[in-house]
Amino acid sequence: MKIKAGIIGATGYAGAELARLLLQRDDVELVWYGSRSYVGQDFASIYRNMAHAAMEPCQDDDMGKLAELADVIFTATPQGFCAAQVTEELLQKTKIIDLSADFRIKDVEIYEQWYKIKHPTPQFLPEAVYGLPEVNREQVKKARLVANPGCYPTCSFLTIYPLVKEGLIDPDTIIIDAKSGTSGAGRGNKTDSLYCEVNESIKAYGVASHRHTPEIEEQLSYAAGKPVTISFTPHLVPMNRGILVTAYASLTESVTAEQVKAVYDSYYQDEYFVRVLEPGMPPQTRWVEGSNFADVGFQLDSRTNRIVMMGAIDNMVKGAAGQAMQNMNLMFGLPEQTGLRQIPVFP
Amino acid sequence: MKIKAGIIGATGYAGAELARLLLQRDDVELVWYGSRSYVGQDFASIYRNMAHAAMEPCQDDDMGKLAELADVIFTATPQGFCAAQVTEELLQKTKIIDLSADFRIKDVEIYEQWYKIKHPTPQFLPEAVYGLPEVNREQVKKARLVANPGCYPTCSFLTIYPLVKEGLIDPDTIIIDAKSGTSGAGRGNKTDSLYCEVNESIKAYGVASHRHTPEIEEQLSYAAGKPVTISFTPHLVPMNRGILVTAYASLTESVTAEQVKAVYDSYYQDEYFVRVLEPGMPPQTRWVEGSNFADVGFQLDSRTNRIVMMGAIDNMVKGAAGQAMQNMNLMFGLPEQTGLRQIPVFP
Amino acid sequence: MKIKAGIIGATGYAGAELARLLLQRDDVELVWYGSRSYVGQDFASIYRNMAHAAMEPCQDDDMGKLAELADVIFTATPQGFCAAQVTEELLQKTKIIDLSADFRIKDVEIYEQWYKIKHPTPQFLPEAVYGLPEVNREQVKKARLVANPGCYPTCSFLTIYPLVKEGLIDPDTIIIDAKSGTSGAGRGNKTDSLYCEVNESIKAYGVASHRHTPEIEEQLSYAAGKPVTISFTPHLVPMNRGILVTAYASLTESVTAEQVKAVYDSYYQDEYFVRVLEPGMPPQTRWVEGSNFADVGFQLDSRTNRIVMMGAIDNMVKGAAGQAMQNMNLMFGLPEQTGLRQIPVFP
Amino acid sequence: MKIKAGIIGATGYAGAELARLLLQRDDVELVWYGSRSYVGQDFASIYRNMAHAAMEPCQDDDMGKLAELADVIFTATPQGFCAAQVTEELLQKTKIIDLSADFRIKDVEIYEQWYKIKHPTPQFLPEAVYGLPEVNREQVKKARLVANPGCYPTCSFLTIYPLVKEGLIDPDTIIIDAKSGTSGAGRGNKTDSLYCEVNESIKAYGVASHRHTPEIEEQLSYAAGKPVTISFTPHLVPMNRGILVTAYASLTESVTAEQVKAVYDSYYQDEYFVRVLEPGMPPQTRWVEGSNFADVGFQLDSRTNRIVMMGAIDNMVKGAAGQAMQNMNLMFGLPEQTGLRQIPVFP
């Protein structure tokens, strides 16, 4: 029997990528293409790549109605939407995987401060599981409500986490310089997202104020066992997909590249979706594009006693839709890689 | 039991794409990564996207040795290589799918004139099947030696063929203006293929002299039942993948858009990989990227009594590796879409 | 004494390019940055490339007021705007160079049919000069009202014109396949202009219906001395700037490449902004980017008795703002190249 | 009387950009297009953007012969070339502006260690002036031999220098994360520079080992009055031109954004080529493309007590050829902006 899945916010880039991944599976039936802007229009007329596979009109965002039909609901919606809809009744009928930030941050004050909105249902925060399978696999399996991590936090955390956890680096010195393809900006009609504005240029944005900062900090704090404050600077890169994280930190002790590699391996050798590179080899977004892989590498710098940690993901897949499906697999007792074994597309 | 496949020329873009597609299958074993330039080097160190899946060193291009191991050999090699290797003995041991032009053109004189090389084994030309499944499906099924079509010819022919066959257009007026992504130029180190030379520019090349011209003409001649001469102009576009064909021809009779659409449908309605668009809707390469689909559309122009026929494919997939695998499926009695149902990746 | 110039529509791409070119001159003073959307905002806050040079706020589009200040007004505005403003009184006070289509087409019925708007001031059509200096130089010098040509027509006409004029090609067989960078789509916030929609894709648009068609036809008709109907298909290319025209026509007589080259030379050898390439050398947009040059080349095809004519311009410069300034130079009795001798920027 | 200039290495990207800038001037005569690879070939056949302006064949790299003809020689050559050619006799005949690293680093041991070559003429190191006019203007005016700064060092130093000099930041905490367009990789035929390898990807390279590191450190050490060691990580970005530097450092005291802005202004308010942005506004490479400007901005981060300093230049202009011409202007007593007032090209 097929898993019945519905997507609220199916016509944004993340929602559409989720549709693409789900439609490629034989064991899932996509029953709802929710899109407030396109209600009644054929989904395939908006995303013609799926013309042969998705023959249904878009529907509204009535999660109550959808909960009657679906075993799992994905919400790829603006901040605040999912939180405003979740009820105990809903969660008794269906599982929810929320791709927004509503349930990612446990501390509601921090959420409200960075997102500038009041959280309508903080009572579900304790139950919500932060859906990074490489860290929270067992909790995800049992979850009714999963907060799918942000794209930058996924890449940043996978890149840094083992070294923080093992105490190899000083968490107070962590600086994350991240670079993202433009799909991360979404499909909204903004001048700053026009082709001619993005092409042939690079810029930082949200410097010292990007909302993924507290999400990264919270997860790193769990790893460090104490509050961690970081510098985080995202950049917009003229490419469609991909996130590259270049992270800097001071070493707490003298280590060799082999030792650091061994630490990464101890965390990731059984993780299908994390590929640890040889010391000194920088990851590149082209090698993960279109896949759920995270490539992680590092370079020691004895001159400065720092380490440069680097990670690359496809922001649409491991950074959003792929990870959501990875979580779905876990929640339904399926092999985690189901539908996610695509080899990265190059060139 | 798995099909054992080998690739000669595995480190070019087309060969690597073939490896990527084959490695994603459970029913195929890739036994040979042939690459003269990289013998002994790990294949995955050259194409890091496949780092988790391809753990073998590159081997030489000894087709004799490979024929002992493989059920099928793909040659993604320069013109003349495959033809110089093929023997009756080889074909009794293994099937060959040649991605070069060696066996595409039946008239050896035309081949030698356009390719400026002597054909070493013209005796196999009659046997070789032109591997366009949408036209030659039954012959492909029985073939030992398949000439995998060129990227431009695949897109051009699928776009134009039904209207030539039905006599709706005057073959003598056909003009094909084609645009290709840069992967079509291969991975050779040429100044003209450097990022800064291709980016932010467009140019025609091989004007009135491109070697895919006689291949398109031969196939169109079969459809027309008489010799056809065309104008063909390829262009280089700053993008990785994709071919767009814009073809012009004069109509032989007065037709409506519905009638033309009906003709296309009659040829392609059962073809999984050809998606006929509604009249007036131009195909776009972004909607086929990463897939084996060909999107075909048209626009009537009553002012000039011409029709504009348009087609889009991914040059790496339907234009090369995907079509080769589609041919392999047919040659081994498998469902044609096996391993090729990927939905196009967007954005 | 400086020429006082004003721009209505200064915050579109063409208007801003005009500002950039004018601001680089010592003999021009830019007195008006008209922009309905940004009234009161600093022009340099919208186009930060000009931050050091343009320190004035945007103003409204009051052409009456501007006419009191300016020796010349450029209108880089939507169709219908300029025509609705022009009066005899205005033209007695100032010169007007209109970058819209309002005065390009002499036949008001054709204008209204293709542009779907009623022309408010057809009485000025006879006076308006089509501002292609290479053809209408003397009339431009005396003009009060210049209709600055469209980007596609400029490139198409310069590419084809000499051969039509000399009767070397049959005008009824002309097919123009044009490719444009994305700046031609303007700065409006449309989904189709977003980075991720344009990048890594190519498509035709406005097939058999683009509004530059009648403009090209009218000019070709003058050259041919009889009505000419053409096929014209524009394409959107993932690059910022540049137009490439690939035009096809049947030859009326047997000619050599040298003869064709001699015809082109006879028209263009004294034209600073037209560079005729050697036979068989295709123009490329990268070689004209950022400049007012038009590169023109051709290839004979004896197999089909056709000629492929090719031209490349920067759509923002020779296709819009540069040509407008070239016209201004002529209208003010200045050397035509003043402010326009920039060498193309590469890479 | 015109300045007679010669370029050794004229067919690399930096050399060609220099040719482009020099050819646009009326007061300079370009007498030598040196290019070992293209001796005898027309320079304009290699860089067709200059087809109308550069009608001479390439010559060899005989600096002795060139010194007889030229008032100034630009060497845009591989490391070690210029140093091997310079003699007292040469410097008595002509001025030299070296775009390679040969004379940038005063400490010959550090040069030899990072560049892995023996310096053939260290005796000229004391005389050579580091050609960053914003810092060393007066010495440049008197110099015979100028070491034109590297692209990354130019951008990094202009971004950081005032705050180091004023002691506002702790030099030991400086981390520079830099991003460059692909023209910085030069025109050599390397697989890694192919269009399909660079496009749609981002990567770090030369991590903790890039040769611009000691150059930046030396200049920062002068500013700090003590040895400075930094982390420097360059990245390759899929665009032609542009460098963005994102630099991090800890503040030494509590400051407001206004105070920091005032410091930048005090250094740069009279510098034509440095545009200081308002606090919190990140520079973007698109706003400097094609110009000699450096845009510099910053963002305070009270949470981490760090400051993020950001700078953007065109690597081909302010990062190479433009700065070389700026130095030439100073060396010949000309206004510094001569030939360099181009407004950045956008889009």
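Which chain is which? They are A, B, C and D, in the order written, and residues in each are numbered from 1.
In this text, contacts are C-beta pairs under 8 Å (C-beta built on N, C-alpha and C of every residue); 3 or more make two chains touch, one makes a residue touch a chain.
All values reported here derive from a predicted model rather than from experimental measurement.
Put simply, the chain farthest from chain D by mean CA position is B. Contact tally for B-C versus A-B: the pair with more C-beta pairs in contact is B-C. Averaged C-alpha coordinates give centres for chain A and chain C that are 46 Å from one another.
Separation between the centroids of chain A and chain B, computed from CA atoms only, is 36 Å.
Once the centre of each chain is set as its mean CA position, chain B and chain C turn out to be 39 Å apart. Residue positions 13, 183, 196-197, 199-200, 238-241, 284, 286, 289, 347 of chain D are each in touch with at least two other chains.
Contacts from chain B toward chain C in the complex involve residues 175, 177, 179, 181, 196-197, 199-205, 207-208, 229-231, 233, 235, 237-242, 244, 246, 248, 280, 282-286, 289, 299-301, 303-304, 306, 308, 310, 312, 347. The part of chain B that touches chain A in the complex is made up of residues 13, 16, 20, 23-24, 47-53, 183, 200, 240-241, 272, 275, 284, 286-291, 293, 295, 316, 341-347. The residues of chain D lying in touch with chain B in their complex are 13, 182-183, 187, 189-191, 193-200, 238-240.
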